[in-house]
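Chain naming follows the written order as A, B, C and D, and within any one chain the residues start at number 1.
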Amino acid sequence: MERRDFLKVSVLTGATAALSGCEKPAHTLVRFIPEEDLIPSVATWKPSVCTLCPAGCGLMVRVLPGEAEVVRNGKLGTIQMGLAKKLEGNPNHPVNWGKLCARGQAGLQITYHPDRVRSPLKRSGPRGSGSFQPVTWEESIREVVSKLQELQSQNQSESLRFVSACLRGQRHELVRKFLSAFGAPAAMVFDPLDEPVLRQANLLSFGQADMPSFDLAHTGYVISFGADFLGTWNSPVAQSIAYGEMRQGRPGNRAKFVQVEQRMSQTGANADEWIAPRAGTEGAMALGLAHVILKEKLRPAADNKATRLIAGWSQGLAEYSPEQVERKTGVPAQRIQRLAHEMAAHLPAVAIIGGLPLAHTNGLFNALAVNALNTLLGSVGMPGGLFFTPQPPSENAGSWSSESDFASVLLAGKLDGTKVLLLHNANPVFATPAVWKVRETLDRIPFIVSFGSFVDETSQLADLILPDHSPLESWLHDVPKSGTNQAVVSLAAPAMLPLHDTRAMPDTLLEIAHQIGGEAAKALPWENFQEMLQASMAPLRTADGINPPPDPEKFWSKVQEQGGWWSDKVRQAARSAIPQKQLVTEFAPPQFDGEESSFPFHFQPYVSQAFLDGSLAHLPWMQEMPDALSTVMWGTWVEINPKTAQKLAIEQDDLVEVRSQHGKLLAPLLVSPGIAFDVVAMPMGQGHESFGRYASGRGANPMTILAPMQVAETGSLAWASTRVQVSKVGKAKLALFSGGLFERPSELQQR
Amino acid sequence: MAHRWGMAVDLDRCTGCEACVVACRAENNIPSVGEDQAQKGRAIHWIRVERYYEGEFPDVRVKFQPVLCQQCNNAPCEPVCPTYASYHTDEGLNGQVYNRCIGTRYCANACSYTVRFFNFFNPAWDKPLHLQLNPDVSLRQVGIMEKCTFCVQRIKSAEIRAKEEKRELRDGEPAPACVQSCPPRALVFGDLNDPESEVSRLARSRRGVKLLGELGTQPNVTYLQRNEWNDNNT
Amino acid sequence: MTTTPDQIKHDLINHDVINHDLLRPVGQASARFFLVVAMLGLVVLAGFSAWGYQLYSGIGVAGIRRPVFWGFYITNFVFWIGISHAGTLISAILRLANAGWRRPVTRCAEVITVFALCIGAMFPVIHLGRPWVAFWLVPYPNERGLWPNYRSPLVWDFFAINTYLIGSITFLILPIIPDFALCRDKFSGWRKTFYGLLALGWRGTQRQWHRLETAMHIMAIVIIPVAVSVHTIVSWDFAMTPVPMWHSTIFAPYFVAGAIFSGIAALIVAMVFLRRFLHLEEYLPSVCFENLGKLLLLMSLLWVYFVFAERLTIWYGNQPAEVAVLWLTQKGPYRYLFWIMVACNFGIPFPLLAIKKLRTITGTCIASITVVVGMWLERYLIIVPSLSRKFLPYAWGTYRPTWVEITITAATFAGMALLYVMFAKLVPIISIWELKVGMREASESMPSVVAVSKARPTVSERSEHETVGFKNSHRVGKP
Amino acid sequence: MSRVASLYTMCPDAAAAERTVDALLSAGARREDITVISSEPFDRYEFGQHEKSRFMPWLVVLGAILGGTAGFLLVSLTTKSYPIVTGGMPITPGWITGIITYELTMLAAILTTLLVLLLTAPLFRWKQEPYDVQVADGKVLVGINPQGDLPDKVKEVLKVCEDGAGGGIER
């Protein structure tokens, strides 16, 4: 007992010690830690949800008391409050089982970021000048409401637009209800991490417009076409956990992992075999494998929706004999033969596709081909194969389809009539090709409201910024679409009180709806988001089939304790019966923008391990985290093969100009052995003009020089089909964490 | 029986995701030094994922190897410190007492693994980032050497919890931040004096090797070499 | 006794001349002197301000980084400690060997030792991350409940260097006392009192002379092993750590040899300047340079031998980590420095010193200057490449000095010169009384009728003293 | 006429001094009363031979031994009196004790030498009779401290050696 009190005291002293020290650690009491004298503090752990990528991992937040400067009803003061100190995985969460990726852990810094928007801001200068002045919540909300009522009075409700990253769960519900009640078109999704092509393909092949999940832990053979599934793609933590099991979880049974891509990703770095076919020919290669399997009857011939989409499947894919495929892909025929045999010999085998192969003009075909291969391998819905995460009863399935893709709306010029744009958690100005002229389009919109926590490139154009809470300060609700075979609803109460004068976006939206009144108010009767959540959880109370069902209050608190609801019994995902247009696809060589003669290199931007699409570039931890392969910190780089570099007479740390038909950028050169001779790769995420002190004006943004190529059938951006030229313009200096590239350097490499 | 803390690193599981690196920063109040200092090679990462290429395109492979303080039983860094700032704890850790340190940087030179890091300037946190600082871990001012402690503060709190609940520590109960976060469970932590613990079991594995074992530093960290895939290993 | 008067005359002249010549620099100070002092002083001042800047803003303003945690500062430390082997060691050896030509040399040498040591000893403090707690190295009962770790070579350094410092200061001061007395008698006014105090009441009684000589003899014997131990321990700072190309048994002798090598070089340079600017041509005859030149030649050969032995062993052993460092210095980015070093320490000095015609004062001077440069480079090339290429290639790094380190380094050279100049102004830089003894002995050892005839009668008069017989044989037996 | 404090004469060189000393002795002066002061050591002359110290080296050896012991104790005892957690690592192995012991031995030797010299030379005795600045010019002073009355013979001897120059009877 005394001990406990003692510990509590020590917590406080400890905390204050650390805090008082933040400015000048020289003046802090640096505690002697011969560890025998060490007195750790007692923390409380609160569940939360990670919102940084579509994986939707469960969090545990370590909360300790501390003194914080906060704004309460307009006054600045120091109070004792619970402060989030560290993020860890929620040990019981079916997606990440207590584990968490680097980015998720750095999410903590969003809350404490020095450049967060601390109160509502009103534009005071010309658009894009970035000059704002603080205003009160009352007047800012009143302004929005008046604008919206104006629209209604002029029956221009449809000229209200809402753009956001993929929303899920009740946030999505809220927005959907609000828009439909208001009479505005459905929200537009802008999310570079989303894979619309793959979801489209899955819809066609499997009647399921969702991202797939993979049972890697029990698979015998994995072939991945460009998917960085251990790094940034889909549900990386879940997939990494499974990967560990796949490697060493089953004594004596270590699955083989083949990666197919032009530039070695962090995932490819772990492959047993790494294959670099020509860019955009992954689908052909998949069918080449299928051809061999069919021809040699290594597997019973499959015939279903997925295979019928592939031209010539029933004829045994005559077009895709190893020799023909070699001509298309550059992968030796014997190798294809061998891989096909290995695959069939080590069932269950699964094929994954994601990332760059989907970003070619023939991306949909590539996806469909891989889906067909999976069907042939019999891995769909089977242990060790590919499956879809079951959705909880509370959710209406296929909610994706209700949204429209920002890009297609933009390119169709449908954005022009927009009078009011609500902007949430999306930064299209930054992450789109310059030729799309997103900035200019948005400039034409008379009134833009952003819910952003930071003044990023898009929020800079806003007339009003109504800052959202940081995730740790908000009620969170999420429904993972992949990464688990259980139906999951993640739910969390705020882990800490808000630091600044901010408001949760759902509450703001509710407030607006209520003030508008009418339909909107009727559609959204809840006092606040918490009530809405509580209501939404009700159907789950009975879902487990426990009777009598637990008492509502108990259920509600239990859900909050464990960080959500998930059915312990594994289910199969319900197939949605969406009518499909019949289409039959065959390999079409990918189209590229730019003549090979003048633009000799394929330009392949890729999702950065630290910043994803750039939405995390403002976090110092991410900036200083060495990229796994390049080990670059605080910068961006252009990746090129040593031999190519020799040809161009350029070397590491040269400043090179990468020029496409639609723009150019400057970045330091990084020579990397793991990249094809005709490919120039570059990570996304840097090159922000305005995104807090740590990201602004740092590096270059590959998206800007992309050609406006589109993926056939889906119309989404084909961001891998730009050709570029590279030339040296000067010297630069990369901040590398690593010294040598090789473990046992030869004499030469030491120089 | 006294504990002897050790770690096993399964190179076959490690994917180079860097989760451990950030977990360590978050847990141990590691300062961010900024671009200029990082360029000078003054970035601080108590644990790092070493990346080694093998071969040339198109037959390239990569080896990821997380390297942290090996907590040597026969540590080169300890005897050279003139003020006992780096010392050997009774639980077999290479302790570093920050305010005993006078900054000779001798230990860092002696360390064969280059896992000791130096504070070239006073660290600073732009308000309110300082609110994140972990009160269990003291801040290091300018001129002080710092290094991985196996998250001694987490070990300590686990021990206290066990004592309050009047029980022995469970295997894997005290886990350094890196181990806790590692998605593919490449890092395993535990008591090497307990032959039943998972880490002891792995340390005995045939794949197990010591990093630079030939130097005789007797690390408490064991590396499990990556398997090669061959057709008939199923 | 007809011969007596001119004998006396000769004696007086001799004394006057010596006193006059050697006290002159002590006496007055020219404008040129003040100019030199001012210039050197400025550089030193710059050095101190650079250090102040470093103390204020943190050791980070120096170029050191991970993994090269030691750079210019430790290089200077080793270099200056090496230089300090000039004096004491050499003069001690020469005293014991009773080499006549040492007499004008010893003091110049011992002064170098003391100052070089002071400068060298500053660097461990300068390079500390937290210099303000440097005193934690001192073993004294304290509230920290701590005690210096005797296993650390740095603590050995602490003891060795202090011993050497105290030793060499004593070794320098003792033979100065009689010269202070001389100054006391020769000067007037405040100088008289000043030197009177420094002379510690020296009169020159036979007892004082005998005690002094015995003391010097003992010191000479004691100081040699101390000097050797100092650079041995400095070498162990490196050899005790498992760092490629540091962890070597050859280091101790290698360093000691190198130290003496650079020491002699520094001494020659200093002497050349003294000779030039204090017009001591006849007191520092070319024979000194001749002989020191030969010593330097010997050390140069020894140095080459050590370098070859070290490198051959590494190359032949062919251990990855060590070979990495070897090639780094011989083929890698450090190759230029390496070959410059070889040229400076052997290529240039060897012919200059080996060929008799070239072994002039200028020749030895040039050789010495290159050696000083070369030995500084050697220290640098021992420290930096090894650290930048340790065992794990991923953790390899580089090192670039900043202006702070460069300024401080320059300041130490200026400081050395400054202290030397000041000293030459305050103290006869050549040991006057020892010189006199030398001259007298020389004159006596000449077959001089005067001396003999003068002595004979007194001897014959008192044959009852058996001491006389001893004395007699002692003196008559000489010619 | 004040009483005689000290009598001395300036001899042109060591030989003359030698003769004077001999004469004084033969005149019956006591060797201990005779002081010979010179600007350089005359260790080859017979006068002052009795001042040679045979004991000095032995004192130094003694000091060295004491110093060595002190060093040994410093290392071996004090580290035990400051028990530091070293996880079973040795605090001071023998080799290291050797190094510190060695250094302190040497240090003690040096200090003893210095001390013995200062005390037995003896130094720090300002204002001592007799003295004469001519010593600086290479002359040799031969003086005598009269214990009670001096035999006239002695005075005579000094007078003889005067040959007019300098000379300081009764001052």
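By our rule, a residue touches a chain if its C-beta (ideal position, glycine included) is under 8 Å from a C-beta of that chain, and two chains touch if they have at least 3 such contacts.
Fair warning: this is a prediction, and the values are worked out from it, not measured in the lab.
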Counting one step for each move to a touching chain, how far apart are chain B and chain C? 1
Closest chain to the protein's overall Cα mean, using per-chain Cα means, please. B
Geometric centre distance via CA averages, chain D-chain A, whole Å: 90
For the pair chain A and chain B, the C-alpha centroid-to-centroid distance in angstrom is 29
How many angstrom lie between the centres of chain B and chain D, each centre taken as the mean Cα position? 65
Multi-chain contact residues (two or more partners), chain D: 84-85
Touching two or more other chains in chain B are residues 48, 50-52, 79, 84, 87, 89-91, 93, 95, 100, 122, 142, 144
Provide the list of chain A residues touching at least two other chains, using ranges where the numbers run on. 34, 36, 738, 740-743
Spell out all pairs of chains that touch, sorted by label. A-B, A-C, B-C, B-D, C-D
Given the complex with chain D, which residues does chain B contribute to the contact? 78-79, 84, 87-93, 95
Chain C residues touching chain B in their complex are 57-60, 64-67, 69-70, 124, 127-130, 133-134, 136-137, 144, 146-149, 151-155, 158, 237, 240-243, 387, 390-395, 397-398
Can you check the complex and tell me which residues of chain A touch chain B? 3-4, 7, 11, 14-15, 17-19, 21-26, 28, 30-36, 38-42, 64, 66, 68-69, 83-89, 96, 98-103, 105-106, 108-109, 112-114, 220, 230-231, 236-237, 240-241, 243-244, 247-248, 252-254, 256-257, 264, 266-267, 269-276, 342, 345-346, 499, 609-610, 620-626, 628-629, 631, 633-635, 641-643, 673-677, 693, 698, 733-735, 737-738, 740-743
Seen from chain C, its contact residues with chain D in the complex are 4, 7-8, 11-12, 14-16, 19, 139, 145-147, 150-151, 155-156, 159-160, 162-163, 166-167, 170, 174, 177-178, 181-182, 185-186, 196, 200-215, 218-219, 222-223, 225-226, 229, 233, 433, 436-437, 440, 451, 454-455, 458, 461-462, 465, 467-468, 471, 474-475
Which residues, counting only chain D, touch chain B once they are in their complex? 84-89
